[in-house]
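In the two complexes that follow, chain A is the common piece, with chain B as its partner first and chain C second.
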Partner chain A sequence: QMYGTHVQADSVEEEAAFPPNFSVSEIKNKQRRHFMFMKLKQEKRKRKLELKKKRKKEREALGDKAPPKEVPKTIENQRIYDETTVNPEDEEVAFDEGTDEFSSYFNRLTNPKVLITTSDRPRGRTVRFCEQLSTAVPDSHVYYRRGLALKRVIPQCISRGFTFLIVINEDRKVPNGMVLCHLPNGPTAHFKVSSVRLRKEMKRRGKDPTEHSPEVILNNFTTRLGHSIGRMFAALFPHDPQFIGRQVATFHNQRDFIFFRFHRYIFKNEKKVGIQELGPRFTLKLRSLQKGTFDSKYGEYEWVHKRHEMDSSRRKFHL
Partner chain B sequence: MASKSQSCSIWVGSETGILKGVSLSKQQAFNFCEMSCLSRDQEVCVLEWGDPLESEVLVGCANGTVKAFSTEKGIFTESKECGDATQGKFTGLAMMDGSLVTCAESGILKVWKEGCTDTIEINVGNGVCRMRQNPSRRSQVATGGKENPLKVERSISPVSNMVKNDWLDLRVPVWVRDIGFIPDSDKIVTCTGYHQMRVYDPSSPQRRPVLEAEFGEYPLTALSLPASQGTVVVGNTHGQLAVLDLRKGLVRGCLKGLAGGVRGLQCHPTLPLVASCGLDRFLRVHSLEDRSLLHKVYLKSRLNCVLLSSRNLELSGADLSGEVEEVKQEGEEDGETDEVWDAMETVTDKTNKRATEKAAEENAVKGPKKRRKVAKK
Partner chain C sequence: MQHDDVIWDIIGNKQFCSYKVKTKTQNFCRNEYNITGLCNRMSCPLANSQYATIREEKGQCFLYMKVIERAAFPARMWEKVKLSKNYERALEQIDENLIYWPRFIRHKCKQRFTKITQYLIRIRKLTLKRQRKLVPLSRKVEKREKRREEKALIAAQLDNAIEKELLERLKQGTYGDIYNFPIHAFDKALEKQDEGSESEEDEVEDEEEDDEDVGHKEFVAENEIEESDLSDFEDMNNLKGSSEEEEDDDEGETSENEESEEETEAKGKSKGKTPLKGPVRKKRAYVEIEYEQETEPAQKSKAT
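Let's look at the complex of A and B:
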């Protein structure tokens, strides 16, 4: 009934237009306001589709001479250029990386040996996460943390030949933090862990990972800090992947979040690949990178995430 | 090479052994080294001026060599073996009446005279973190370290060696990380690894510190005294830089921007500027008046120490290119804010006065309100 009267009013006063500066939000009646808004949206959509059609016709008419399609702006496109982005030909950075704490791994002098543990008294989810992580990383061992202090664990690890220490921190029965410490005297990275999916929760997953060493893919670690973290992840896995196993671990950095995925791939023919996701899936965000082994009070920090100073721009990223 | 080194106003030493010179007027940084013979044991530990005219920079390396770099010629002129890696890294270098004083982490303080090979050696205790020379009284050096209390050596000669200890009540652990001499007085400022800042007065009969203040929760690694008296700038391992007041020990303000631990800090001798370098591979120059970042330079290796020359670092707007982002023209900014204040209320010229006036106004406003509340009750 209401709609009926409205339409009649329109047909009677066809020439009278709405007063200027009229906006749909000024109508006090909710039903009428909703109706006008819906009408407005439909008209807008109609106009948009017409414009699109017109543009497409023009483009086809021009054929080869058509101007190239405009690229839409995304946050990755609009990222503020980071001056610490590494230039591959830079000698100084190459020297720095060639002689840093990971150089013994990249020069094939040492093989990784990883110790995975948790914070004290872990709950089921964290325990299962650690077990699954140890199947993904070759030559890794899970130990129960009996309330031991990390500063005392570290010298013992070094004496037993471990190269990495991973501590998964748990809060309210869910893993939420990770401390990744390179052992002889190397840097310690502290991450925030989120979005952990165990094997049971994965859809269309493959069988459990085998003992073969996976290949490692590091995506988008462009800045100097990104390089250090990327090298750290690469040093977790043995240098020579066993291609028979067809397994690959991916660390994908986007907008300062690092996504870890573990897949098994198979080439169906030269152009087609099929992948199955196995293994745990989680995202990491770097909180701090400390020089030296774990020492949160007296250690020197190479990079600390300071939210109010660094997160002020939506287009500035640090990794 | 020579022109490059002559234009550099800030010298920085890095962990890769490269001496870098930064020219703020040209907005460029130069590496002074041989790319082919780089090695980690050449890591620059200390930088010091070789002479009062600032024509020579002394570079102390981790393997025990001290190299002299001429700023006019742009090359390393000589290199001296002043110890080896077993004694630890250099913690201080000083030039005293033509002889070179070096101090290593193991506590061995050596005086090397020009020409002769024999050296005077003093042991100041193990675990030394820093040795500094008093700029006004060149024959005085102070040393301090982990469990190594502050000692002041009055004159380097084996006969009259007045060593002074500080005495702490209740055996509080001592970890002196950096030392500064307050000009025009006998006092010494130290910052510790237990996030404390202490001022000592050797001339007083008391051995306790005159002033003790705490800042933050992380070890303070570097300290510097600005040209204006009464304040000190400290930096800690978390990248926090703060200006502390020397009269009451309160925090005057923080300088923002650093993401990594501060390794080197130096204030300009005359201008209100402070240069800081650290593990995040950036050299930053802040202004001490409004605590804003003036320059930020990316120098690809981790930086260990910084040295400022006393000539004017040209900060005029015309020379700046797009490389440096946050730079403000000081004169113009002051003018603009002055106009705003003129329009609003009483006329003030200096930022300090404005801050105190604002505080006074706020207090005045709060005062009557408080009285009103009391009356109602």
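Let's look at the complex of A and C:
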């Protein structure tokens, strides 16, 4: 018992049975209220445990006839169905893919050539990130920005035959944004970059990636928007991965966050594969997708992340 | 009456003036009409009844003049003259208006005018160049995004997903003939066929076999042991002793208690060292097990 508080025998003990239901929050005395609340919690826990045990016993008793275990609800299970989800055999999607801006890549007409640059005056971390990114993506070049306007940079890139332009935006010495622009006249995607880990910060990492082209894994890009972004990522890498290199670049979409990882794999036997992380890792979140090349004023936006509309539900995702 | 010296004594000379900003080496004056920006006897607009400044408003420069005749009328005290946009013409205007004024004020006015025109030019040039757009971050939103990202990362189970995908690709044969694993698939297919025909007999025999194997020791070679939960294949060289553990599990049910105790002890031993992955890796070559008797207390012996 607690010092200095008097025990109210009747009204407290019968809180469940007595018609005017007694609520813990109505006690004015803080110590006593806390004590009652703790007691309530313990009661609840005990009841829950008993229920669990009972259910387990029933399940064991029934043996094979027991009803199957209920699948716990996860956010992925409860996701609101997006009507733009892509059906693999959808004709319309296939037709669009045949005629969109990446069709030339997927039809093997062009080879990817990537230009990586930053915003003005990049700090050390961003510079190192760009270098490591360029080792992960084959046939990529890093150029310093030196105050050039993107609108002038883009025609020059096109004339030199680049297919992709990546601009890493920096804020407070840390990369925080990425503009991925497909060059001839292709879509421009603007991402928020977070959780950048450079090579030396990786635990148990392997040696530096070699020059072989990596394989690409794109996971969970289900909607139309996700599909187009996925194709964009795929177009960054050369068509034929060199399996000798045993390197794989993964873009995994989970709840609208795209996780990039770069691994080296080895097949130990048919059922086991070991992966070792090399290469930088970062996460992207799509902020906007623009139809033409980068144009902040007159660009036509295909998709813009609107916080109030799109972030209101926890079960709704767009990629 | 307007006594400049008295005013200066009161506010300027080491006493309090609300426009004065003191630093270690300098005193500044925050008065908008101050011509140099420093707190001096000659620069103080309050302590000089005849004073002139240049001020700019929305890109236009004006010459402000104050004379002692108007000292009694604060609303009309400052005379405002618009200066021309042409630099030389404006300098001539200043000279015209401040003719017969003290040299100090004329000089400082022109200096100030020059500085103002230069910074106006700079502003105009910079607005034509690209401007950095500052996007305000909402702390709440940033925290929310960070939390969601962490949860998404946990839900993603990246390593598993990647491994699964790679195995799928291997099965589908995208790697062609590089890896010589297909033999296993062939063997498995054979096995499945055999099992299908003999399934009935197996079910009956299984129960008997379980009883037979109790107490039966078997030593298994290292290479055939499955390597489960290996995320770092550089550790492949360190696989020792896992075989012993699996064989122990098959032996005598009575010794289960002993084994679990010993396992936990082994785990406790290596707590300080590397984190355990998968089955406990015992580095011991051989484990002795004693069977518990009801009358005597349990004795545990360990091989060192």
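Following the convention adopted for this analysis, the second predicted complex is superposed on the first by the 269 of 319 C-alpha atoms of A that agree within 3 Å, B and C clash if a C-alpha of one lies under 4 Å from a C-alpha of the other, contacts with A are read in each partner's own complex, and residues count from 1 in each chain.
Keep this in mind: contacts are C-beta pairs under 8 Å (C-beta built on N, C-alpha and C of every residue); 3 or more make two chains touch, one makes a residue touch a chain.
These numbers come from a predicted model, not from an experiment.
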{"item": "Clash-or-fit label for the pair chain B, chain C on chain A", "value": "fit"}
{"item": "Partner chain in contact with A:Glu91 - chain B first, chain C second, else both or neither", "value": "first"}
{"item": "Chain B versus chain C as contact partner of A:Glu70, first or second or both or neither", "value": "neither"}
{"item": "Residue contacts on chain A - larger count, chain B or chain C", "value": "C"}
{"item": "First (chain B), second (chain C), both or neither touched by A:Glu300", "value": "first"}
{"item": "Contacts of A:Arg255 with chain B and chain C, given as first, second, both or neither", "value": "second"}
{"item": "Touched partner set for A:His263, first chain B, second chain C, both or neither", "value": "second"}
{"item": "Contacts of A:Glu60 with chain B and chain C, given as first, second, both or neither", "value": "neither"}
{"item": "Smallest separation in angstrom, by C-alpha atoms, between chain B and chain C in the superposition", "value": "13"}
{"item": "Footprint of chain A on chain C - complex, ascending", "value": "129-130, 133, 141, 144-146, 148-149, 151-153, 155-156, 158-159, 161-163, 165-167, 169-170, 175-176, 178-179, 181, 184-185, 226-227, 230-234, 236"}
{"item": "Residues of chain A defined as touching chain C within the complex", "value": "74-76, 149, 192, 194-195, 204, 206, 215, 217, 219, 243-244, 248, 250, 252, 254-257, 259, 261, 263, 265-276, 283, 285, 296, 307, 311"}
{"item": "Chain A partner contacts - residues on chain B that touch it in the complex", "value": "15-16, 18, 31, 35, 38-40, 193, 217-219, 221, 237-239, 256-257, 259-261, 263, 279-281, 298, 300-302, 323"}
{"item": "Chain B-facing residues of chain A, complex", "value": "83-84, 90-93, 95-96, 99, 224, 291, 297-304, 306, 309-310, 318"}
